[in-house]
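Scrolling down, you'll hit the structures one after another.
In what follows, chain A forms one complex with chain B and a second complex with chain C.
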Partner chain A sequence: MTDPIVNEVQESESAPEKPSAGAIRWAKENLFSSVINSILSLLMLAIIVLFVRGLLSYLFSEERLWNVIPRNMKLYWTEAYPVAEMTRTWVSLGVVVVLTGLSLAVWRVGGRTSPRQFGRTLTSLGIAGLVLAILADASAGIRIGAAVVGAVLILAGQAVRLMAGPGFKEETIHIRSILLGVLAIIGGIVWILPIESGTKVSLSIQGVLLVVSYLLGGLITSRVSGGLARGALVGLWMLSLPVIYLVIQRAPVVADVPLMSVFLPSVVGFIVVGGAFLWWAGSGKAGEPGRLAAGVVVLAALGSWAVSLPMLVRFLLLGLATFALAAPTFGGTSKAQKNIVVAWSAGVLLTAYFMAMMQADTGLEGLQGEFIGGLNLTFLLALAGLAISFPIGIMLALGRTSSMPIFRLLSTGYIETVRGVPLITVLFFANLVINRFLPREVELDDVVKAIVAVALFSAAYLAENVRGGLQSIPKGQYEAAKAMGLSTVQTTVFITLPQALRSVIPALVGQVISLFKDTSLVAIIGLADFLRVARDIVPNQPASLGSLRESLLFAMVIYWIFTFNVSRASLRLERKLGVGER
Partner chain B sequence: MPGDKDIIISEGVKKWFGDFQALKGVDLRVKEGEVVVIIGPSGSGKSTFIRCINRLEVHQEGRIVVDDVELTNDLRNIEKIRSDVGMVFQQFNLFPHLTVMQNITLAPIWVRKHTRADAEATAMALLERVGIPEQAEKFPGQLSGGQQQRVAIARSLAMEPRIMLFDEPTSALDPEMIKEVLDVMKELAQSGMTMLVVTHEMGFAKEVADRVLFFDYGAIVEAGTPEHFFTSPEHDRTKLFLSQIL
Partner chain C sequence: MNLKKLIALLAVFALILAACDAGGGGDDETTPTTAATDDGGGTDDGGGTDDGGGDTGAQTGGNLLEEVIARGTLNCGVNETLPGFGSKDEAGAFVGFDVDLCRAVAAAVLGDSEAVEYTALTAAQRFEALSSGSIDMLSRNTTWTQSRDGELGVDFAPTTYYDGQQVMARSADGFDSGSGLSDLAGAVVCTNAGTTTEKNITEAMQAAGADFTLTTFEDFNIVLENFKSGACDAVTTDGSGLISRKSTDEPAPGDWVIFPAVPISKEPLGPGVAQGDAKWADAVNWTMYALIIAEEQGITSANVDDMLANPPNGEVQRLLGGEEEKQTAMGLPADAFYNVIKQVGNYGEIFDTHLSVLGLERGLNALWSDGGLLYAPPAR
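And then the complex of A and B:
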């Protein structure tokens, strides 16, 4: 006989199905469960109705000059960029669009949704249209149009559910086909809008580029390993920033750059001599002399700023110093040794190329330096600011948590000083004072100064966020790494920093968003960023007088679209990286 | 069986945390291949002592010689000793953002400079040895405590250490998982590894140890073979401790 208590393991039952509550039942349970609750619900409903009515009436009033926005697209986008050279901005946009398409495919953004969900979204949009038709104090044409569109959407929503039949809860619809539909609708709207037909064609080309690059990305993903494709894309994204702003938009005239006398000898010299040095330093046999030599290179790199040398040489020396310090840690095998030299050669070539482009005068007629404005400038400031401030911020955080007093003191001093002053002050300071700290022959233009100011400012905040992450790492992680013989640098690169950055993604994204919006402050040093264009320039165009409110609302929407997408992307990233923490 | 060479020599090791003296002169010689189990009440300094052996803690007086290298502030000595001495922690201390495979191969690749293919082959063999080859691509958070501790042991073994230190390896585990970790440790002891084990598992001490040390108030109170230790302890404090836990 078996022991009566030890039954065989029972099959687990499926959870009881939740009764699907109808709308009326839901309202009864949640909105009208008691007298006070009912009163509050009705009150809030009235407030919402009044607010929405006011907003819609404002937006759709016949006094609104919405037509200024499509008409002034060029100003919003690029401000003073020469009209004859607009192809260059279209090509820039094309680069971003292609990379976006490839990224969407390679990172498999999207997935599938169920007909139920899709139908629900359509129905909600339709209801919004009906609400607009009922509430807005707009012309009859708009109201009838909204009502028709709303009704069609609601019908379409119900049709989707019916067509899917009993399987409407299963996720069978590709989100990408929905996106394709949305893209087609946007394309249709573009062709109706009162803008030049050239612009319409260009925008349509961008749409086609997006779809084609997405399909291409799918093709690549099926052929190449995911890691390789992702790594290559990250590299391309990083390169796209200098390529777009230094090469495509700046139209550099290379003729007056001292290519033969400075660039060629520097590049060859640094690749050959520096490469040989790194080959030796990364061999794992350099030992003490290797560290000594790295120290000498660091001193040379710092000293090069005190004597008169071409900028290229100074930057390459800094790069060589970084590589020399890292080589003993990451070298050791012949493969790693080879990788270090290859990475160094590529780095030298890229640095020289972009330095040459930067030193060349712009070929754009009648403009020196100040050819970037509008949303284009806002993006440049935000992206370049981020690209510069991230490494600096991480260095500062590591410095502040370092056990070496001199680093700790310098980092803490920097962080507390910068956090103690407003960004506007930093911008003024950068604009007026930065040149005094630089060698005499270097003349920075206002955009570069603004980038430096934004980056240095943001680095201090990033550093504090990263430091928070570093402090959340348990002591056991350091001990385990030490016990396995990892060096301090290896522990930081492989163990603590990745975990620290993961744990502070929300704070970092907050910092990215506020950096993006804070770029609007550069108007104070005379740059025409997107907000300044929307506030000062567009409403003062002869044909667009009196359109300040429309213009500002438009700016608001654009800022919101980008920041909202950044935070959505970060949620995705968090979910993805959270895998190991379960 | 223990060899003739003293692989760990500790002479008069003293250590203070602020005013509190954690170690009051510890003398110990461990032979190659010997399995030494350290027991004692909490706060007696037994963990501190084994953490001194790979210099996670720094002793202030006395000297420690591991495999003919004396522990000093010279960084190169410390790095050499750390890569020759494996350590398993009470809280496992696996790296949560890396897979099991990456946890095990990290140090062989970057410290020992093995190729990735070699390191992964060794790691797979070690995972077989600790009985969880199927978990290689999972993250530590997806494993049970016992599995995590076995991964931690495999991670230490991947460095091909000459000595293994165990700091209460089963104290954070649920009872049904303790055995799977102890089995791995027994197998390791039989393979001739030099082991220093701080533990409360008396069964393990009786069965596997060549020598048992009783620590109290920062010093070794009594030492001997398991038979001597569990059947006829000499010291009153040892008797008291054993009566409380057995």
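And then the complex of A and C:
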């Protein structure tokens, strides 16, 4: 590495650069320094050449049925989602794209790079193209095309390097302008591919949305404080999941939801009565009666599941119980009191809204629960599973490290039971048995059952990861917090938990990645997730017979793209939070 | 501190109580439920597809026909992984020979071949789905056997495809269409796990007195990849599957051969319904017969209107709902079979659309008058 990327702050601290040695000298020093090294180098070179040649010849062979992939993109993405309603999935994607664009801008992703580095990357890509042209056992058209593209890239790369020159080293290019170029090239490729023109237009709209939202994000960042923008974006991301799946894609028919008889009275009642109660409980003057009242609410919330009550009331009671327990910790000042009541009202409204959407029948014709499939289902399972398992996992970890024996016993029992059982068993259990544990009038469809199974399974593993973090906190932190007069809850929420979570980011990300890939097991209970589409459905179409390998390779690439990006993002997060440096 | 512990204890106690009640609530029929608490998303839309009954659902006493008409859709169990018989097209819609049989029944009973709700079933799920009543009709390449007819409570409609298990091997290894099972001595024969093909080939090879190695893989695509790579000397499954894969995957014509000429098993495939509902079974059976009679009489989706206007004989006239039609007496609309032919086509048309394109020939599935086995009772 003689030419590091110039986006690190520590650049001034790094050792002075070695003079550029030249490729021949580098090879002499590193590959051919002795006879044995020379033999080993040549041997490895031969193996690499053979491997690359085999791989390229395989990928570009005329026997490969790559046309199966673009033709079945709709199946891979959404499986059997009604064709007439595909706009809904495009809108869902648009929501994600806009949020991504805003996030890229607000979090200032992408540093700067030197033109020399950029030229070097272009040259490498060009060389890859030439390697392809020379080695691949492909048709003449592909080889000539690859050679031309490779040559152009090498020339462009060298031109950039020469223009930059040694004197212009401090000149830098923003990575986002390179990404914009890549986006434009992808856009061009999309228009060449043999796919429907409607799809081309939709994809182009998504690209434009990405750019526009990025610019908008830049504008927002320059106007409001970074913390506010980031907080709002995190909130929007969390809201986007239920909005996309419950509202946009499910197309609920709200007409048959008892809005007037159940929802309106519940919402008004809980906001007014619950808000007043929380105002009192969060005032700091409630003391022991406040705790007693909170206990009563907890009991009522749990008891509501034993009697016949609308689901909305049960959930709102659970929420009220949580708020009542938390109010003494977070309240105290009048500003905090106001915040609690505002948060409570917003929570009630959102809960009621999403429950109404969930209870409404879907307006999609001929499909009840199973309208979600393909990559769409894979994402739903992974994201919803993660969103549910995260709080449960943290609670279990706290329970297991708690000094109260009942909580410790329950948490440990749960964690060890679930960790001792394969995910497939949990999925079967959820699919066949879970309805028996629920009140009679609640009947979950297969997708929800799978989400519950994935979430419960993942929570046990997350709990152990978080517990590892909690145990890494030095005892002095607890003692210092106690000496400051913080309560146990305050110590946990403000002192130990943030540090614990920060220190286990690598383990948590590993858990996220394995959760994402484990979702492919839901095929066993009959759901058509992405891998099932790629493995069972597409290769068995009469027009796509014999395309199993192509389809699976495509699935592999897609899984890789997402998991790789998750791990890159986590590395960024780790650097930012300084994991391993303190 | 004490109070906190007390609250925690009470909370745990309440949790246990709630769990007990919810668990016991399963038997408590009298629990009042309000409409507001119904959170199920409405999967059970009042059609009486009682899914709690298990096997008892089969003995509903002959009202499935009325139920289907009242519901307005036909619930049909199909395959999504058998090329030509049942698979999903690029848009995710079910297509195939077996799927068209569902469409034909929907056209006959409901007048609309699109009024079908398909359920993709695995081989293991199919009979449970039928006996529990979650599907009205099973059209998923199911072999008519004595045990399924007798023990599993399936009433089989007339056979719509006569299949039989065969073996496919490479001609470069010295096999030709005249080869027999004894030529497979010492070979590695591959098939997909969990089906009767394993048992059939083992029995047949024992009978032929030849030793062989049987290797199984999870699905037939993987079996075929292993055959192509040379890990398997021969593959075996139903003849239809072998022929369709030969027509698409064979490196050069004549590289692969299928034998023996007389298959090693009989696989009569056809739709099935739950036992104990004669009226519904009749409706399905006669829809299948109508497809065959239409081909016998030369009625196609293109000429069905002409045929209805100027019937060449009494049978065509009756079948298409003209004078003396017999459909009303069965509880079907008079124009039931007109709709079938108009919207789906006759047997030959369905066969051509889905199976001929895969290289399958009529063979045993030709009309009896052409030397095949398809024979429908007369419509009179």
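One rule holds in what follows: the second predicted complex is superposed on the first by the 556 of 582 C-alpha atoms of A that agree within 3 Å, B and C clash if a C-alpha of one lies under 4 Å from a C-alpha of the other, contacts with A are read in each partner's own complex, and residues count from 1 in each chain.
Simple rule for what comes next: a residue touches a chain if its C-beta (ideal position, glycine included) is under 8 Å from a C-beta of that chain, and two chains touch if they have at least 3 such contacts.
Only a predicted model underlies this, so the values are computations on that prediction, with no experimental measurement involved.
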Superposed partners chain B and chain C on chain A - clash or fit: fit
Chain B, chain C and vertex chain A (Cα centres) - angle in steps of 10°: 140
Chain B versus chain C as contact partner of A:Leu302, first or second or both or neither: second
Touching partner for A:Pro542 - first (chain B), second (chain C), both, neither: second
Larger contact residue set on chain A - chain B or chain C: C
Touching partner for A:Leu318 - first (chain B), second (chain C), both, neither: neither
Contacts of A:Val98 with chain B and chain C, given as first, second, both or neither: neither
First, second, both or neither for A:Ile244, with chain B first and chain C second: neither
Touching partner for A:Gln477 - first (chain B), second (chain C), both, neither: first
Partner chain in contact with A:Val509 - chain B first, chain C second, else both or neither: neither
Chain B versus chain C as contact partner of A:Leu132, first or second or both or neither: neither
After fitting on chain A: smallest Cα gap, chain B-chain C, Å: 6
Intersection of chain A interface sets (partners chain B, chain C): none
Complex contact set, residues of chain C against chain A: 3-12, 14-15, 17-19, 21-23, 25-26, 28, 31-43, 73, 80-84, 87-93, 96, 117, 120, 122, 125, 219, 221-222, 224-225, 244-245, 248-249, 354, 357-358
Contact footprint of chain A on chain B as seen in their complex: 54, 56, 79-80, 82-83, 85-87, 89, 91, 93-99, 106-107, 110-111, 113-115, 139-142, 152, 155-156, 159
Chain A residues touching chain C - in the complex, by the definition given at the top: 71-72, 74-75, 78-81, 83, 258, 261-262, 288, 291-292, 294-295, 298-299, 302-303, 305-306, 308-312, 358-359, 361-362, 366, 368-369, 373, 404, 406-407, 410, 436-445, 526, 528, 536-537, 539-542, 545-546, 548-549
Chain B partner contacts - residues on chain A that touch it in the complex: 284, 329-330, 332-333, 335-336, 474, 476-477, 479-487, 490, 494-495, 498-499, 502, 577, 579-582
